[in-house]
Amino acid sequence: MRETEHEAEPGKRPLGVGMVGYAFMGAAHSQGWRTVGRVFDLPLQPVLSAVCGRDGAAVRAAADRLGWASAETDWRALVARDDIDLIDICTPGDSHAEIAIAALDAGKHVLCEKPLANTVEEAEAMVEAAERARARGQVAMVGFNYRRVPALALARQMVADGRLGTLRHVRLSYLQDWLVDPAFPLTWRLRKDRAGSGALGDLGAHIVDLAQYLVGEPVAGVSALTETFVRERPLLDGASSGLTAEGGTATGQVTVDDAAVFTGRFPSGALASFEATRFAAGRKNALRLELNGSDGSLAFDLERLNELSFHDHTEPATSSGFRRILVTEPGHPYLEAWWPPGHGLGYEHTFVHQARDLLHAIATDAQPEPSFAAGLSVQRVLAAVEESAEKNSVYTPVASTPVTV
Amino acid sequence: MRETEHEAEPGKRPLGVGMVGYAFMGAAHSQGWRTVGRVFDLPLQPVLSAVCGRDGAAVRAAADRLGWASAETDWRALVARDDIDLIDICTPGDSHAEIAIAALDAGKHVLCEKPLANTVEEAEAMVEAAERARARGQVAMVGFNYRRVPALALARQMVADGRLGTLRHVRLSYLQDWLVDPAFPLTWRLRKDRAGSGALGDLGAHIVDLAQYLVGEPVAGVSALTETFVRERPLLDGASSGLTAEGGTATGQVTVDDAAVFTGRFPSGALASFEATRFAAGRKNALRLELNGSDGSLAFDLERLNELSFHDHTEPATSSGFRRILVTEPGHPYLEAWWPPGHGLGYEHTFVHQARDLLHAIATDAQPEPSFAAGLSVQRVLAAVEESAEKNSVYTPVASTPVTV
Amino acid sequence: MRETEHEAEPGKRPLGVGMVGYAFMGAAHSQGWRTVGRVFDLPLQPVLSAVCGRDGAAVRAAADRLGWASAETDWRALVARDDIDLIDICTPGDSHAEIAIAALDAGKHVLCEKPLANTVEEAEAMVEAAERARARGQVAMVGFNYRRVPALALARQMVADGRLGTLRHVRLSYLQDWLVDPAFPLTWRLRKDRAGSGALGDLGAHIVDLAQYLVGEPVAGVSALTETFVRERPLLDGASSGLTAEGGTATGQVTVDDAAVFTGRFPSGALASFEATRFAAGRKNALRLELNGSDGSLAFDLERLNELSFHDHTEPATSSGFRRILVTEPGHPYLEAWWPPGHGLGYEHTFVHQARDLLHAIATDAQPEPSFAAGLSVQRVLAAVEESAEKNSVYTPVASTPVTV
Amino acid sequence: MRETEHEAEPGKRPLGVGMVGYAFMGAAHSQGWRTVGRVFDLPLQPVLSAVCGRDGAAVRAAADRLGWASAETDWRALVARDDIDLIDICTPGDSHAEIAIAALDAGKHVLCEKPLANTVEEAEAMVEAAERARARGQVAMVGFNYRRVPALALARQMVADGRLGTLRHVRLSYLQDWLVDPAFPLTWRLRKDRAGSGALGDLGAHIVDLAQYLVGEPVAGVSALTETFVRERPLLDGASSGLTAEGGTATGQVTVDDAAVFTGRFPSGALASFEATRFAAGRKNALRLELNGSDGSLAFDLERLNELSFHDHTEPATSSGFRRILVTEPGHPYLEAWWPPGHGLGYEHTFVHQARDLLHAIATDAQPEPSFAAGLSVQRVLAAVEESAEKNSVYTPVASTPVTV
């Protein structure tokens, strides 16, 4: 078979990667692993050792296509392999906890796609496993890839540098529209047993993580409404891939939310509003955020991911205004390795940056961010959202009991 | 003294207008009354008969400046004048009910600035007075001027025409930043006894009215957070005008909200989110709204008031997208009377359009919209917001008991 | 008849205005004259004394509608009236020179719509008349109203303050689309004998004036292409108004350009490009400009006239970018008199500002800008454009021989 | 050494690629070759056989970094290798002709970076070599990668489908700002002997090619101005990479243009304007274009490369406007293989698409576009621009004599 990307650069310590799952997220992660060493100077050389999936023929085809040296059909076999140092989990949320805990307990580093888990309990167990493993020198990271959009990494820097002063408003929405058509079938993402929740866990998890990352604080409490606009959909004929699929004539119940709208507070006093939906016709991937502080404001839209909008409120009123920073300068986060100014990056580059940062963390024995604890923190906010939605939207504090290890 | 605009065009029935208050809103209404007959064909000729304010010298100067034929220092005297057919109330909210009810009872038509009143009780009394007066052939209207932004009138048409299908999401925010500076003084707008509430009644009233206008339904219930970020401010030195003022060294309590964030539901199932704030640094007058339906979406920002953004979800995905309609075509609402395409209008034109529609209603003995009942409906939503905010954000249905007359 | 706006405010010297022409431009100028004293503190009180047009009934109706105290059917009679101090010329270009010179020679101040004239020779004669009149204390001004868009006045300030450093590129286009439809009829604007030229004189004149105003230098030379895309159009049935009209079945020759594209140089070294067209489908009034200098850049689009885009090239690359200045702050040009920040102005306000500046110039016996000499300077550029277009686009220096008086 | 990407997928015919040059363009091409088979279904498997450069250590490091199986220091040796089927030329323009002709004559397929050559004569010789090679079953392609931006491929489809009707205006500019600072050193791109020309050949070549591609016709003639704003710059200390470099204290002459502004005509009657500059402060990679036709218009900006703006002029005026098509739908060009809607692509993806289309052409023995003849056609326009600029901007027809073979 074709050998690709699976031998280390001379003089660099190799790091064997085994990936579970090879659909949308698996393809994106593969692109990250393949590319990272071609662009960034790395302390470790990732080797795409094996990809794992239940269907033997399909996973072998995926290995060939995506550049993995071998294929496995049982994730336990993958975890048991000596040539594999890191398990990259790209499966639906219902299997995250089991795989991640087993991998950590087997001595592997772990990268786990978001959301960390389908329940707080699972997430807590994962954090415990990660902390045990950390004591042994392993690391665990959750794949909130949007932290690695250069514009958002820059936004975090600007907040941390005090460019916004005291934050007053934190406003995030993640709007998609792929469920507007009631004929769209009942894929796994619409089943609570597989996905945990709907727009909330899929899209809401991203904006809750980003809010906490950018503000530098956990959400203190929330008040929420959720809704399922289309409650019955055609059952799926055969396999679905990514966000497109076709359905048959039989129908089944949608058991997750189509949309979640919630407000909240941060400990330091800022008000927050969140909206996650798959029913915003015309919005394809509109993760939009705005931060308003006493000294400045930021705005961002993932549909224009190379841009960050910044208003400096300390400037004279007659010459101030939101400026569009094209986040493609060599001095911007991650950009030292890419193209000249103005030659924009795309969605998949977040996975290259994620791989880069994880490899540096492993090489320096540092805890990569976002940690499983950060993933748990998001999970707790999602749980509070669901609780508030069930309790007539009453303001629901987010649990913050420290995890016992 | 200079005679201006106060004699009727030959062959047209004159309508004497008496305005109470001459600050920011009074100046805007004056511009509306002066201009409407120069641009639109009117069934009645408005005559700027008198303006009223407590300070005699100041009100006489305002009359000269703004084009009113005479000045009064007592609104009761104004209401008593035979040459005045319509009372235009541009005072702070605490005097709306008393003046409006007296004027209606005296047989005058009434235009009352928004919000209709400072409490639901006042608003209910006003609606009763308006209904009694309506039976006598008088009309009463509340000044939610943004309904007369051509782009928003067009938006209403498009929703009513079914271009959006079933509405799923209604998202409005009204963001300003004039309170970001903690040195901004304690003007009447920051005192509950004068203004009733803060961002909620001032900005929130606009977006609640627009939401109900555009959707064509009242809000069913809300869940809310409010906040006062800066609780003490310098007391005012002398007079303030409009939204700018200077303060002294003594300070006083801010007794209204700086910001209100709330979610809600419409009877037909759409989810709503609202945000009103004076603390969004860099946003000057950002009344922004988005509607997402099963067949299309709309977006608008008052900072670009000549534009309406429309996505037609029934078009092929490969050629669809949000289009920027420049709402300056002769076929657009109100535009038949103005300039050629692309020659944009401004904020003040909403008051010209408001005057036009009110005059047509009077001439045809029709109820103008928004009626006092519409104003009361907004007031009830604001009351529900305050109640929810006090009750830990619990979802609070909006009262809908019909007004008894 | 209705008396309006035609008596002076007490204590203020009145200035009688007589306007010739009452179509699109006449309506816009009327709005300016009526409104200016209601908004700005003026040293003189404009009185709308008389409007003039050849059709007696029509001009009387226009006087009533637009607020003029009387009507005249012969401009010579208007010029002869003692109660008129200023002649405001809003006719097509072929009559500008005759009326303006007669008015100046009769001792009146003159405001003349752009373009100043249909030929350089006429414009030269007008400048001579203006200079003679200036010696007698009269003033003459040409109506390049876009200089009074607040964003463009701010742009001029920023260039003059050195915020852009040395200018390298000056890029202006004025794009409209009302001739795209070949069925649009042959109005006066499409006849060389009336309009002088097509897009060039109508739209090109504006951008040439703005370029010279913003740069602070005359254009040194040009190289040009012009084109008439639709050479035959239906003859006009009856009257046309503004930019809309309907045609019959007979057709006639279009004798002006539909579009002009030209490049040029400024004496200080900047390269310029210009484009004027009525064939840019979807662009309604897109007067767009960009200036690039060694220290910064500006960008503007008249379709968003309340905004100026500014890039400060002296800032760190990682936080710089084009900022959108909402030109509605009290400190911005003309804005001290209008509404709070973010409450935008429209097209017609340029005429209010023009009236304000002209009245101040008259009151202080100062030369208002743009002078007839500035109008002549534009005319010479337009002539050079036409000459270059006839001579195979060869670079054609703009004549700069000083006018002899 | 590390083996990467240089063995074929089982069952697929391998195609050995040898690349000359490994700076900015070499890195971008490498990313294309490495990724194309991971994303697209290919008829041939590209194998990254060897990269070539004069500095042995540097080229070996580049091979390791960029994923090439071996390194060569003499392009003639590369061309002579049996395992190499395609030569990919990523060197400065002065060596394109020699390498390309030798490679074609040696029986290799050739991909040559733009501009095709530094002179028309060289380009003609290259076309002749390509035509000789074509007869033997080889193909030659020039690397105008922007044709493979999905939004621009879509634009071409829409023009070809008649969505724009008869074209009236074609307006392109390519604005960068990396030479604004006079301390930027004299890299090879500023030396006529290496680069042929400055902004004209580097940026102007792209927009001329795109104009001809989108319109579907060659430019008929041009009228041009060029300028070198900063004529002396620091000599380069050591190596430069990409568009960033540092200079020393000695200076040298800039022998190319900093900017070129030109107008033109298309045979079918459309007017064109072009601008290429490296002096537009704040514009990083602003390749912007607009097409206006009788039935619609398009607009595009490379700084927002996932978007195409389209105005459909056949729609009712009241609901039409420029729509922002997010070119990320599965039905859009190249998008079937990438991410879900709204998950944008970046600059480098154009090279993946270029590789894909070239491989399909080779596999089906079809002529890939843009051919060397297309590259020559651009070269002739550039030559006409230079001729016009030297001849006082006189309109200069573009030579169209067919190449003799």
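A, B, C and D are the chain letters, set down in written order, and residue numbers restart from 1 in every chain.
Going forward, contacts are C-beta pairs under 8 Å (C-beta built on N, C-alpha and C of every residue); 3 or more make two chains touch, one makes a residue touch a chain.
Please read all numbers here as calculations on a predicted model, not as lab measurements.
Colleague: Which other chains touch chain A while also touching chain B?
Modeller: Chains touching both chain A and chain B: C, D.
Colleague: If you average the Cα atoms per chain, which one ends up farthest from chain C?
Modeller: So the farthest one, by centre of C-alpha atoms, is A.
Colleague: Quick check: how many Å separate the C-alpha centres of chain B and chain D?
Modeller: Spacing between the chain centres: roughly 55 Å.
Colleague: Quick check: how many Å separate the C-alpha centres of chain C and chain D?
Modeller: Inter-chain centre distance comes to 43 Å.
Colleague: In whole angstrom, what separates the CA-based centres of chain B and chain C?
Modeller: Result: the chain centres lie 35 Å from each other.
Colleague: Touching at least two other chains at once: which residues of chain B meet that condition?
Modeller: In chain B, 283, 311, 320-322, 326, 341 touch at least two other chains.
Colleague: Quick check: in the complex, which residue numbers of chain B touch chain C?
Modeller: For this pair, the touching residues of chain B are 1-5, 7-10, 24, 28, 30-31, 34-35, 38, 64-67, 176, 178, 242-244, 283-286, 302-306, 326, 328, 330, 339-349.
Colleague: Looking at the complex, which residues from chain D come into contact with chain B?
Modeller: Interface residues on chain D, with respect to chain B: 154, 158, 310-311, 316-326, 329, 331-332, 341.
Colleague: Which residues of chain A touch chain B in their complex?
Modeller: Interface residues on the chain A side: 168-169, 171, 173, 175, 177, 180, 223-225, 227, 229, 259, 261-265, 269, 271-273, 275, 277, 279-283, 290, 292-297, 311, 313, 320-322, 392-395.
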